[in-house]
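Next come two complexes built around subunit A: one with subunit B, the other with subunit C.
Moving on, here comes the complex of A and B:
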């Protein structure tokens, strides 16, 4: 068509240069992490077995499995979810269905951003001051879970709010016109249409809660316990803290043991995140409106 | 006369919608409102509770000069305990600073590539990858610093110990980068397509569009992303505890071990008696951390909000 002017050629070259530069940056960001994950699998993969997952640590935690830590993490996560999911969903319902666009709502949003931004160790201090001492729960699953619940509350609020926002306004209006109250509309129309999106956020929260260490160190997770927790008022071991302990606190741990623990922890987190992402994509594809 | 009166009364009763559903609606509205303001309650609660626990120290042993200007953190010295956090601030600042040097160019570059160059499947794949990287727990990062980076640094730079500013800075940079990437990419996405189209219509090439149009328009959002990443690095605990070497020290080079504010609390809180000056001093550090991160988040929020209005 047209002959390329020298300016055009130069521009194209510059453009390609930048394209490659930015691609290189992306690759350089991602590749080290892939190498690191590969190393984790290479060094820790051999120790992972059925026994490793389902037996107790032995010999002062230098041998044996991780069962109490795995079970403890499940306890902590479950109790944290019981507290944060209802509260977070309700908060999101308030923000999306009731709150107006005013300074007060902005204040709430700022509080949510800050709740997510406060360092995890400060959440730990809060957990010690509030739940362990003031409310008298002692160092227990309950105190640890509540601390984590507050810390991860923004995850639930933000993701629930997104999925509530995705429900078309016309659905609500149709329901109101039938004479339904606000709550009836929310319960019968808005929430059922948003439930899968909310679930995606909950899975994300499970993953966040599983990996956190600092907030549970002083509120309910113990280095080592010879027994399994019987109620929420017991202490427990936890996988994330167990990794810290076997990596730094216990002498004479064989090299592959902490790698195995790290691998189990990271596998749990990444699998849950992948499920959440896959679920989100599936929903996006299925959306009828 | 009386007929119309009764008529309007029954009519009024007919229009009264306060049946059971109405009351349920009101109760739920109140409950949901309480949940809605819970975030505010918790933020205030965090501040109040850590202040209560640290209050004794602030009243008795706290001296502004010593706390912020002394580089000696010796709280367990029985005769003359010193509570100076200068070296700890230096530790946190050096590690966070190095992390930002690592993370800012790469995450902004990656955000530009994902947001402006990549298309279709590649873009989707990269976004998922970044999201997964952001999910890796901090204790795992700490372990990576301890067991993979540590021997690597000893080998490459021929230094006796590999747990230092360099190690923690790289680890923290890798941790902060995915978060900064996805926030920065959101900021780029927030730039309306008509800006790009207008620039392209004037004959601008892709990189001219990006540098002359998109980046200036997304400037505040990108700054917000950097600040939020910095906040994350600043408040990071486990990774810093495990990778810095944990020695109270004002670093002279990147190969010096340091100790961070957050890591100090994590390492020492378990060993102190509840209510002792040392315990209270740790909570005072907590108050300091809380205020700093609050300011960082507030600034980021104001900057990002600034573009939305503009």
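Moving on, here comes the complex of A and C:
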């Protein structure tokens, strides 16, 4: 009565087939990551040294280090964060905590989604028109960072909204019912409980911003500069553009140099992501509801 | 603001804590309350019973104006709390919430310490002055004493409130309202997330608070209404059918609908 029928056998075979197929797809996802990292470490690992990180390029960028580009990337990312985080977090708080569900907020949401879909080269041209020319910042760190800030704003807004949404509604109700205003509720209860998610989003934004090339190419990043930037109104070199330059634009670059630059760039991103993940796990472990 | 503050300083307690007249309420096009006229006695425990969707929770939620949060709610008529219509334009919402506290179905302590939960409301309403540590300790102790929780938690006030048992959490949620000295406590099925032991303990607590606070409690559990309230209101389809002493309503109801409901013919 309970013996296996031929139909059972066939169903089981199909079931196994699909399980293996899905598993293969998952493995396939990881393969490129491993190949990329492996190649970079194999071909570029040997050039990484203290001197490589902290000296200037020499011999028409065919030798020497990457210090100006490394520093420039840190400049650009830091200024972009200063612009996009306050703006994005405040907009997200408004959308999630204050705004009602009406045509106006829906329009704003649509705009945010569309902003996220704009190609980075279009952002770059917008940056040239708006920040370099119209606001008169010239090609500078400020113009490049603001362009990046606008580009990553949707990421900040969406991730902040997600973490605000994850705060149980019951907490807000508890506060409102004791006579707390919306702002008191946000400041004392909502934000403290959402901060881990918001910070995670910010760090992820950093890792995205670090690698962007097109938006900074026309707005503030330079091919080569013999000096370091002194203020946000100066141009700067940047790692991502530097990689493009040494890989394709300069003749006679030894092979391990571009791989070394790529390795530093990807290491920065991976370190950021790891910090973000560790941080999230730490904060999640602390909260209980 | 002026009227709201006289409302609080009024020391002569009126006979009725809550009086509504011709209260109609709509959610969009749907009318949830029809001409509700109720006089709820000061210092008493009044229970609201009726089948799902009869409007009892809606009524409860309009007494501290928490309903307004849903933008599509429209109200007609008056709700007087301590002789002042809380829907008058000169009424400050924060003062209403201070006078009329609310306890929810699911205990909702904030994810902070037991101590900070109790002090939350106190801090909100202490007008920027920082109270001293000893003053705060007093507030915490007295609130927890009143909800019969002090002896259990006095040695772990810094523990997270969310780690308490559900029964203790619900008691804490009641205690949290007390430091701002409300006169009315609204309870929306306060025991339905608790086990029988927890239910008994919270009912006992509600009974203890009688006299000092006017308590309005919505319940699905008729036995609970019978055990734990002095007056009982039966609602059906957004209308008040009957309002009686609890003992009378369950023994000799006036209306046939009430009799049928408490006998379990519908609902």
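Just so we're on the same page, the second predicted complex is superposed on the first by the 277 of 289 C-alpha atoms of A that agree within 3 Å, B and C clash if a C-alpha of one lies under 4 Å from a C-alpha of the other, contacts with A are read in each partner's own complex, and residues count from 1 in each chain.
The rule we apply is simple: contacts are C-beta pairs under 8 Å (C-beta built on N, C-alpha and C of every residue); 3 or more make two chains touch, one makes a residue touch a chain.
Keep in mind it's a predicted model, so treat the numbers as computed, not measured.
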Just checking: does A:173 make contact with subunit B only, subunit C only, both, or neither of them? Give me first, second, both or neither. second
Per the contact definition in the header, classify A:94: touching subunit B only (first), subunit C only (second), both, or neither. first
Going by the touch definition up top, name the partner, subunit B or subunit C, that contacts more of subunit A. B
Please indicate which partner A:273 is in contact with in the superposed arrangement: first for subunit B, second for subunit C, both, or neither. first
Would you check which partner chain A:60 touches, where first means subunit B only, second means subunit C only, and both and neither mean what they say? neither
Counting only touches as set out at the top, which of subunit B and subunit C does A:45 meet: first, second, both, neither? neither
First (subunit B), second (subunit C), both or neither touched by A:114: first
Between subunit B and subunit C, whom does A:18 touch in the aligned arrangement: first, second, both, or neither? first
Could you tell me if A:184 is touching subunit B, subunit C, both of them or neither one (first, second, both, neither)? both
Touching both subunit B and subunit C, residues of subunit A: 181, 184
Which residues of subunit A touch subunit B in the complex? 11-12, 14-15, 18-19, 21-26, 28-30, 32-33, 36, 39-40, 87-88, 90-91, 93-95, 97-99, 107-108, 110-115, 117-126, 128-130, 133-134, 150, 153-154, 157, 181-184, 207-208, 210-214, 217-218, 240-241, 243-244, 247-248, 258-259, 262, 265-266, 269-270, 273-274, 277
Mind pulling up the subunit C residues that touch subunit A in the complex? 64, 66, 69, 71, 93-98, 101-102, 104, 106, 108-111, 120-121, 124-125, 160, 162-163, 173, 176-177, 180
In the complex, subunit B residues that touch subunit A: 21-22, 24-25, 28-29, 31-33, 35-40, 42-43, 45-46, 49-50, 52-53, 105-107, 109-110, 112-114, 117, 126, 128-133, 135-140, 142-144, 146-148, 174, 177-178, 181, 205-208, 210, 228, 231-232, 234-238, 242, 262, 265-266, 269-270, 274, 282-283, 286, 289-290, 293-294, 296-298, 300-301
In the complex with subunit C, residue positions of subunit A that touch it: 100, 168, 170-171, 173-181, 184, 188-189, 193, 287-289
